[in-house]
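Below you'll find the structures, each written out as structure tokens.
You will see chain A twice below: alongside chain B first, and alongside chain C after that.
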Partner chain A sequence: MLSNTGNILLIGSIVSTFLIIYFTYQSLKERSFQIKKNIIYWSFLQITFVIASFLLLIFAFVFSDFSLLAVYQNSHTAKPLFYKISGVWGNHEGSMLLWINIMVLFSYLFFVFNNKTNSAFSLYTLVVQNILILGFLIFLIFDSNPFFKILPTPIEGLGLNPILQDPALAIHPPLLYLGFVGSSIYFSAAVAAILSNSNGKNFALSIKKWVLISWSFQSLGIIVGSIWAYYELGWGGFWFWDPVENASLIPWFCMTALAHSVLVLEKRNYLYNWVLILSLITFISSVTGTFLVRSGILNSVHTFANDPSRGLYILIFLSLMIFSSFIIFFKRRINDQFNLNAISKETFILGNNWFMMFYLATVFVGTIYPIFTQVLYNTNISVGPPFYNQVIAPILIPFLIFMAVGPKIGWVKSKFITYKPFFIIIVLSLLINFLISYFLKSYNLISNLIVISSLFLILHSLKDFITNVKSNSYLNLASFFSHLGFGILILFIVLNHNFSEEFDLNIKVGQTKKIGNMEIKFNNLKIENRENYNAVIGDFNIQDFQRNYLKKLNPEIRVYENPQTLTFESAINSNLKQDIYLTMSNIDGSDFYNIKFQVKPFMLWIWLAAFLTASGGLVRVFLKK
Partner chain B sequence: MLFMKTKFLIIILLIFNINLSANENIGIDTKIFKNLRCLVCQGQTIAESNSDFAQTIKIVVRDKISQGSNEKEIYEFLSEKYGEWIVYKPKFNYINSLLWISPYIVLILGGYLIFKYFRKRRQ
Partner chain C sequence: MKVSFLKIISFCLVIFTIIVFFIALNIDKRYSTENIIGKKIDNFKIKFLSHDQNFENKDLSNDKYHLINIWASWCLPCKKEHPILMKLSNEDNLNLIGINFKDKKKNANNFLKDLGNPYNVILSDTDGTSSISFGVFGVPETILINEKHIVIKKFIGPLDTNDYKNILNVIYEN
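After this line comes the complex of A and B, so read on.
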């Protein structure tokens, strides 16, 4: 019953998508560029069908309707309500439906906002976006149908992977999807701008909001994912340069570059071709990342069902998308001339794009190179954190300095008039860095330079903010938040990286172990029965004699029944100064437990700074005066 | 102004005198564990993993350290035994040269394009 209703809604979506394409095409063929009633009508029906099908799937998960294969495979009656709902996108089929929902939502809103000003451009955008939607809908219905029925109906489901049963991970996919699926709208708009010979300035104005919105959500999605990895995976790290993380970072670099260069196009009408290319590759890299991760070519926790036919379909679709968009781009190349002065905001924005392309190239090459060596030389290599740290870290130094100076420079032509504050800030940054390394702990040359340049960025941003407030001149709050946030983020990441302490040891109940100035005492072990798992809880005392504190920490080992899994829950004591982090795991055939004990300074600052950075885009869109 | 310049110089000198070499808080063993892949896990390092394999490798690495091997020798020993897949930092050799070089090619090319544009404009 539910399966049939779901399928009818999906067919309704596909029919309305097809009709939108058909009616829009007619309107474009007649060259009337008239927005007919039926286009508006079918657009409304399309979004209704798509949202209804998604709500229906949520309904099926909430009421545990195991007649649906997707529900049976990913849910269980004993699961808390919250995780029944998040289970909707915790699997391939449901997440594809979420993907389509976001594409349709963005398409609808873009159309509503833009069809009054430039009808030819918005009609072309609508048609391109709906061709993409159609492609994904066909994929959904024939190859990943969330409403697929099983007979006879099972009485109980298989349950959701316990490591996905977590609040951060429940909101991580929708946030990330709003980011990189949202980028589909400026992919379509870019193709439409070329086809409709749209003016660069108008194009920039129409996509700017969407770039900023998707950038902010992409950033939030990445942050929430890292927070989850930090406390749930029990490794104490928050960024692993894993293929999945890289797949989310590559579109983020494109979006960041685009969010900056689109301003040049808006204000000066330059860099049109470059903005078009960035708009195209953002969505292309998003789909490529999804393809690599989902298909299992790159091994990761995001690999759901390992089905070759799915991979093949996405690959063909992706190739068609890249091929046709770039043919359109090169055939109708727009001749844009630009006339920049060396010291101007435009140049600094080009600088931003230059660095972004370097980071993108590094991450891209690092991610796909293992595939390349395997195919060509039959050798497996691993490209991990040491590679990325070594290549990326030194280039952060000039980048941070560019970032500090850029916002202050004026459009068209500007001069460095104020050398004095510039030098005062440099001296201050050097001094603070000196104090940190003198009183806390010294670190290597590159770390020194990164700390100095991030301090330079922080102080410079603050100084600009204060002078702007004093003189009551125009203040770009969005750029202030993001740049300041990024400076703080890098500063604390480097300090955290250098000051973290880790200990790995085996311990029995009742034992006390001494490490340096600290003492770890394993008091006892108890077992508790919880909602859908049993917990083995360790009771530890951590005593620091030097800093004089005593902390109680209770890491857990959780034993889930459906499906049968063990998870290791970290115990974290968090304050503004540091996180004290403890995980324990059992050792087979022994009454010893392996514990990992870590002292990680400034973790809260890292999260706060990351949120501050991400807030910039939303501030610009929603608080603009 | 002269005073500031001297102060500036003193601070620069101080900073670069303090420490030019890395000083890691974590022991050399943990540092090595972090650069090794746990071959039986999904994208975890030896430091992070709870598996038996990771426990074995930890013992091997600690043994090697106590025998006096340095970091590089340990990586080489392990890659010979388990293949290059186990080390997270690929060696710079013929096969991996493009991996290490291509990011810088992009950096130099981008810089060159921007530079060329401004030089042409000045003429």
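After this line comes the complex of A and C, so read on.
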């Protein structure tokens, strides 16, 4: 029953998508560029069908309708309501439906906002976007149908992987999807701009907001994902350069580059070709990432079911997308004139784009390199954090300095007039760095240079902010937030990396162990029955004699029944200075528990700085000048 | 459309990448357990944890079963399976080889000092490249090979008491 309704809604979506393409095509063929009633009518029906099918799937998960395969495989009656809902996108089928929902939603909103100003351009965008939607809908129905029925209906489901039962991870996929699936709209808009010979400035104005929105959500999605990894995976790291993380980072680099160069196009009408290319490759890289993750040709901690037939479909679709969009791009060549001055905002933004492309190339090569060696030489290699850290870290130094100076430079042609504050800031950065390494702990040359340049960025941004407020002149709050946030983020990541401490020990209830100036006491152990698991909770006291404080920490071992799994929950005590991080695991056949104890400075600052960076995009979208 | 050198190069690169992806899709995955069972173990050459010499296939004796265990000090389930490895270390007919995976030497040594050392040979795979040829896709993982160096069984995840019995059954079968 539910399965049939779902399938009918999906067929309704396909039919309406097809009709939108047909009617829009008619209107384009007549060259009337008239937005006919039936296009608006079918667009509205399309979004209704798609959202209804998504709500229906949520309904099936909430009421545990195990006649659907997707529900049976990923849910369980004993699960809390919140995780029943998040289970909808915790699997391949449901997440593809969410993907289509976002594509349709963005398409609809873009059409509503833009159809009054330039109807030819919005009609072309609509047709391209709907061709993409049609491709994904066909994929959904034939290869990853969330409404697939099983007979006989099982009484109980298999349950959702316990490490995915977490509030951060429940919102992580939708945020990330709003980011990189949202980028489909400016892919379509770029193709449409070429086909409709739209002028650069109008194109920039129409996509700017969407670039910023998707950039912000992409950033938020990545941050929430790392927070989850930090407290849930139990080894205290927050970024592992895992292929799936890289797959989300690559589109982020494109979006960051685009968010900057789109301004040059808007203000100066330069770089039209480059902005078009960036708009195209953002979504192309998103789909490539999806291909790498879902086809199973890369192995990673993310546990989506792998299926080569799925991979084949996405690969064919991806190739069609790349070739058709670039053939259109090269056929209707738009000539760019260039007249860039060495010291101008345009040049600095172009600089930002070069850095982004460098990072993109590094991460992309690192991610796909193992696939190439396997296919070409039949040898397996793994590209890990050392590669990324070594290649990316040194390039951060000039990048941070560029970021500090860039926002202050004017358009067209500018001069450095203020040498004095510039040198004061450099001296101040050197001094603070010296104080940190002198009083706390010394670190290597590269770390020193990165700390100095990030301090330079922070101080420079603050100085600009203060002078702007004083003189009451125009202030770009969005770029101030993002640049300042990024400076703080890099500063604290480097300090955290250098100052973190880690201890491993075995301890029994009642025992006390000393580590440096600290003492760990294992008070007792209790067992609690919770809603869908049993928890073994340790009660620890951490005492620091030097700083004279006492903290209580309660790490847990959770025993889940459906599916049967053990998870180790870390206990974290956060304050502005440091996180104290404790995980506990049992040792079979012994009274001892193994403890991993970590002191990680400035974690809270890292998260705050990351959120500050991401907030810049939203500030730009929602706050009018 | 003007055809330039740059365009041809980029076109070829994209085509090449897509072809590689396509082949990779259909490649017979080493990661799946079934594929390495019954085959002779691949050639390998891994450094010892304690010194810089290498341990190779030819260093494996021909009169015993070998249990290759891939572990790391940062891996919580490794601690869980450790008592089983300790019990297995008492078996005369079994040679335990521990491969320390992507780990710091100091942490690895502390781990063994705290929990005991069950291994006859300890190797170190600091960057995780050598373990891949055993088809490893996570730690801990354990591979049982016979005296002819043919893979008999592969255990993904921590060993439990059932696996312990299975291993004993296999090595005392003959």
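Quick note on the criterion: the second predicted complex is superposed on the first by the 620 of 625 C-alpha atoms of A that agree within 3 Å, B and C clash if a C-alpha of one lies under 4 Å from a C-alpha of the other, contacts with A are read in each partner's own complex, and residues count from 1 in each chain.
Everything below uses one rule, namely that a residue touches a chain if its C-beta (ideal position, glycine included) is under 8 Å from a C-beta of that chain, and two chains touch if they have at least 3 such contacts.
Please read all numbers here as calculations on a predicted model, not as lab measurements.
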| item | value |
| --- | --- |
| Simultaneous placement of chain C and chain B on chain A, clash or fit | clash |
| Chain A residues touched by each partner, larger count belonging to chain B or chain C | B |
| First, second, both or neither for A:Ser437, with chain B first and chain C second | first |
| Touching partner for A:Arg333 - first (chain B), second (chain C), both, neither | second |
| Contacts of A:Lys508 with chain B and chain C, given as first, second, both or neither | neither |
| Contacts of A:Ala342 with chain B and chain C, given as first, second, both or neither | first |
| First, second, both or neither for A:Ser319, with chain B first and chain C second | second |
| Partner chain(s) touched by A:Lys551 [first = chain B, second = chain C, both, neither] | neither |
| Partner chain(s) touched by A:Ser382 [first = chain B, second = chain C, both, neither] | both |
| First (chain B), second (chain C), both or neither touched by A:Asn594 | both |
| Touching partner for A:Phe568 - first (chain B), second (chain C), both, neither | both |
| Common interface residues of chain A - those touching chain B in one complex and chain C in the other | 234-235, 299, 380-382, 384, 386, 502, 504, 568, 585, 587-588, 594 |
| In the complex, chain C residues that touch chain A | 1-2, 7, 14, 17-18, 20-27, 30-31, 73-74, 76-77, 79-84, 102, 107, 110-111, 114-115, 127-129, 132-133, 137 |
| Contact set on chain B toward chain A in their complex | 4, 7-8, 11-12, 14-16, 18-23, 25-26, 30, 33-35, 37, 42-45, 47-48, 50, 52, 55, 58, 83-90, 95-96, 98-100, 102-103, 106-107, 110-111, 114, 117-118, 121 |
| Residue ranges of chain A touching chain C (in the complex, touch as defined) | 234-235, 291, 295, 297, 299, 308, 311-312, 315, 318-319, 322, 327, 330-331, 333, 368, 371-372, 374-376, 380-382, 384, 386, 502, 504-506, 568, 583, 585-590, 594, 596 |
| Residue ranges of chain A touching chain B (in the complex, touch as defined) | 233-237, 240, 242-243, 299-301, 339-340, 342, 347, 350-351, 354, 357-358, 361-362, 365-366, 369, 373, 377, 379-387, 390-391, 395, 423, 426-427, 430-431, 433-434, 437-438, 441-445, 448, 498-502, 504, 568, 585, 587-588, 594 |
